[in-house]
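A, B and C label the chains in the order they appear, each numbered from 1.
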């Protein structure tokens, strides 16, 4: 096991290196310049400003310098926020994104599991359709419409929660978390339903039933545990996606998160923020995939970790 | 037990012979996989309703623009921002052309001296929303179907090969996926859209370029789960070829999850397109999709709700229908659920 | 079957309930009490004697303003700032020699009085008043000299320094071309309180430049001590303006302005604190305004239309002009737009009135001119627009005639042209309108639309890779020159291969020999505008932007400016909130 993980961590670094390289060159092919007032400057003046940021050097040189700095743990300075270190920016913006992502994920998955189990245990009844419907409604409406509606009803009309901004502590995170929970909710409930129906029709469940196990016991002890397996595979990337994908929610609720900053950076060619956040997300994602693969072996002993010698 | 047996009268028993041919007789009519599936999906009312709704929406997306006397592109600025008005509803209190103007409800058709009917109202440039909604539906469905099919084909092949052959192949293929997954989707998508001529194809390619990865991971997980199970091992022991194992044993087992995933890919694609229009990279006008229509409309939610409402309802119906149909198909296609 | 029906009914109801939000009555949740009963006028200077109010007038006890901004502050370094938010904040926390007053007239600020100007208009001598930095040290002439030299120094990489100074301050252009040293810049501290500025040529609008952020002072000792960290958060800046900034971490979405007790005119400043939050989504900003959490919100695009009749709506006309930029040479080849008749046809073939009132509907005006209305005036107060009036107005007949002529000159019957526009919803809507109008009015024309993010558009612009571009320009100083100068041959903005020696000559004379002849200069610029728009049809003006904002009735005295920072809060106060 330890050997397997060590191997994977080693791969992780190679993967990260390749991601950094690919992103670097892709990003440099994006049209546009990070210098906002480029249109006002004569070519000479622009060249001076570009030289200051090292943009005038050939790409391989820029790449080499970036990688060297990266190896020393330096993500560089933002173009947009003059003189601000990207590391600080990510650390500052991470908290809110992480809180929202985690809350949205937990809320969504919990409700999703409950809905999925109800649907599976009462297949093709009004319960099934009802829970399916609730799960789907959440994702049938684009998140910006859904978030705006939440904001209008619970913030403006009822006044139960802050309309927006990151000022009222935990209360500020409620509406955005609910808005974020819709995706995981739908995914979790669908997968739980599918898997549980399948497990419930398998022989060992029939056996357990015939031995007199209660419906509850069957559902939780046997079916649920097995249904969790595919859910884990799917939710890993969803978790990472929640961090990046919360752009819309963060923008609508005016939350100082990382997703919102990331998209803006791409649009205005803030190369150091693009690279910094990309690497951060990649580390997070690859780590989650690793955890999922390990968990996979733990939850389902049928799958052996085939670390290369199978 | 043994004592009781002795007390039984012998004439209670009758000797019979075993007709070995009867045991082999199939009492149910022989059905192909798809016939069987159809039989079962027919029993699932939600799925049937979903099929009907999907067919209706698809039909409407083609004939809808023809039904309306106004076409989707003509701009009549004097008719801008009209609420919906339908023949025969004039006195019913809705769909009567009454809209909110600066806080009061007035018949905007009367006010602007418009004597025609816009069933879904008009947008800010005076274009007929009815035609635009159905044409938008057509484009959204096209984007979604093409993207979903491409995702499915690439994802299943990639995930299947990776898991089935395992070992080094799996290792390399998964590392590649990890790299692709790690590169921010948005960088690639924006690059694609900016490099290619903006349009439907650019958006489809942008959606699929990393979209298949999700499918491939799910397929890989499923194949890993099944490939070492007894029935596959048995088949292999009996000398079945890889093709046969894949097509007869693995594929039917993972079909359900492929279909469910595809049913998520379709709304996912529609949504991703809407997201792109939210950040300003959606379809280039005058082409419109449900996503761009909703994006236009959500800003007017308080004063011209009709611009948001109709495309949203069509979109929601599509979502619900695809999902319920997906469930129905899943139940129907799973070979282990024969009754 | 019953169940399914129920499911569908349920689903529809759920969907519909979401939209009920739309139909919900739009009551302001926390309205200011009795706003429309007591208050009759909200014009400035109306002193209503309300009995229960204390003698000091209408001022509330709590003078805190809550505002939002559309973006983060990228920097507070006056040499580096290049964006709207940065300049806006800079104008409130720091101050230059001059400041635009409530009527947008430059008045002495750090300068004690109007400068003395030499006979030839080339040397300006400023006497500084006794003002202090927020650390208590005096603002000296050396602070200006240092700041300006820092801004022109290539090592600083200032975008606005060279842009604002080149051709204005002596040797600024030469420093950029490495033909002179930074030390040669025409600015010199004669003593602690006297600053002498030498210009390259007489610049009639020079005084108004002094209110622009790039020309603000910097305390050398402090800036050098902070090094790279200077102005990267609210602790590493020195302030000499009406407010100081606090709680800004350099990248965050929130910050505060607090009254600067060291400010020379501190008694004018009534507000004790302004709380800023970045809210990028207009819907959210409107909701925050509705619940009373924010006192003011800008309305863009669709929202402006919806609040057109709100009693707290504030409409302002910005001196920003949008126009079609016709590219006459693309990829080294002449385009159809090199034909004057084609340009004329396109300029006259779309209805600007409809565009401004129906499509934009945000207070914008149809523009038949380049130099905006209500922007520049003669000494007698006559608007620059009075000289030329309307040029290139909407006229389908003339457009069609010119179009036919142009097509036959080109020897074609059909043309396909691309319009390059921005990616905001409003510009997309506008582009669709252009397409429809132009294609309807000009037979044989096909318009393709290309809408890309802003910095991609800049790149296409630089490469001259477009046919027609919807372009906009806001002024950098208060003079028509900031607009007409854009189109001289070889200008960094003239990326459309337009060149007319007569036009260039007029601009040159306005900058040179006519510099001290106010009327001659005025007429030369007007003549140039006419050549540009009505003879050459080099560009086609579309509209002058209007802005709309919702402002709580108790907020008074926010002053908006045509260039530099958008708003001054120096004179703002709260009255009637409690």
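Heads up, the rule we're going with is that a residue touches a chain if its C-beta (ideal position, glycine included) is under 8 Å from a C-beta of that chain, and two chains touch if they have at least 3 such contacts.
None of these values were measured; they are calculated from a predicted model.
S.K.: Using mean Cα positions as chain centres, tell me which chain lies farthest from chain B.
M.R.: Centre of mass proxy via C-alpha means gives C as farthest from chain B.
S.K.: Mean of the CA atoms for each chain, then the mean for all of them together: which chain is nearest?
M.R.: A
S.K.: Report, in whole Å, the distance between the mean C-alpha point of chain A and the mean C-alpha point of chain C.
M.R.: Roughly 38 Å separates the two chain centres.
S.K.: Can you give the whole-Å distance between the Cα centres of chain B and chain C?
M.R.: It comes to 47 Å between the two C-alpha centres.
S.K.: Quick one: chain A and chain B, Cα centre-to-centre, how many Å?
M.R.: From the centre of chain A to the centre of chain B is 23 Å.
S.K.: Would you please write down the residue numbers of chain B that are in contact with two or more other chains?
M.R.: 46, 194, 295, 298, 301, 308, 312, 316, 320 - these are the residues of chain B that touch more than one other chain.
S.K.: What positions in chain A touch 2 or more of the other chains?
M.R.: Those would be 31, 129, 133, 137, 140-141, 145, 148-149, 152, 267.
S.K.: Can you list the chain C residues in contact with two or more other chains?
M.R.: In chain C, residues 3-4, 7, 11, 15, 18, 21, 283, 452-453, 456 touch at least two other chains, as defined above.
S.K.: Can you tell me which positions in chain C touch chain B when the two form their complex?
M.R.: Against chain B, the touching part of chain C is residues 1, 3-4, 7-8, 11-12, 15, 18-19, 21-23, 26, 282-283, 301-303, 305-306, 308-309, 351, 354, 358-359, 423-425, 428-429, 431-433, 435-436, 449-453, 456.
S.K.: Per the contact definition, I'd like the list of chain A residues that touch chain C in the complex.
M.R.: Counting only chain A, the residues touching chain C are 31-33, 35-45, 48-49, 51-53, 78, 80-84, 88-89, 92-93, 125-126, 129-130, 133, 137, 140-141, 145-146, 148-149, 151-153, 155-157, 159, 163-167, 251-256, 260, 267-269.
S.K.: Okay, in this complex, where on chain B does chain C touch?
M.R.: Touch residues, chain B against chain C: 45-46, 49, 73-75, 77, 80, 102-103, 124-126, 194, 198, 280-281, 284-286, 295-296, 298-303, 305, 308-309, 312-313, 316, 320.
S.K.: If we count contacts the way the header does, which residues on chain B are in touch with chain A in the complex?
M.R.: Counting only chain B, the residues touching chain A are 44, 46, 166-168, 170-171, 175, 178-179, 181-188, 190-191, 194-195, 214, 217-218, 221-222, 224-225, 228-229, 256-257, 260, 264, 267, 271, 274-275, 278-279, 291, 294-295, 298, 301, 308, 312, 315-316, 319-320, 323-324, 327, 330-331, 334, 336-337.
S.K.: Write out the stretch or stretches of chain A touching chain B in their complex.
M.R.: 11, 14-16, 18-19, 22-23, 26-27, 29-31, 123-124, 129, 132-133, 135-137, 139-145, 148-149, 152, 187, 190-191, 193-194, 197-198, 201-202, 229-230, 233-234, 237, 244, 247-248, 262-263, 266-267, 274, 277-278, 281-282, 285-286, 289, 296, 300, 302-303, 306, 308, 310
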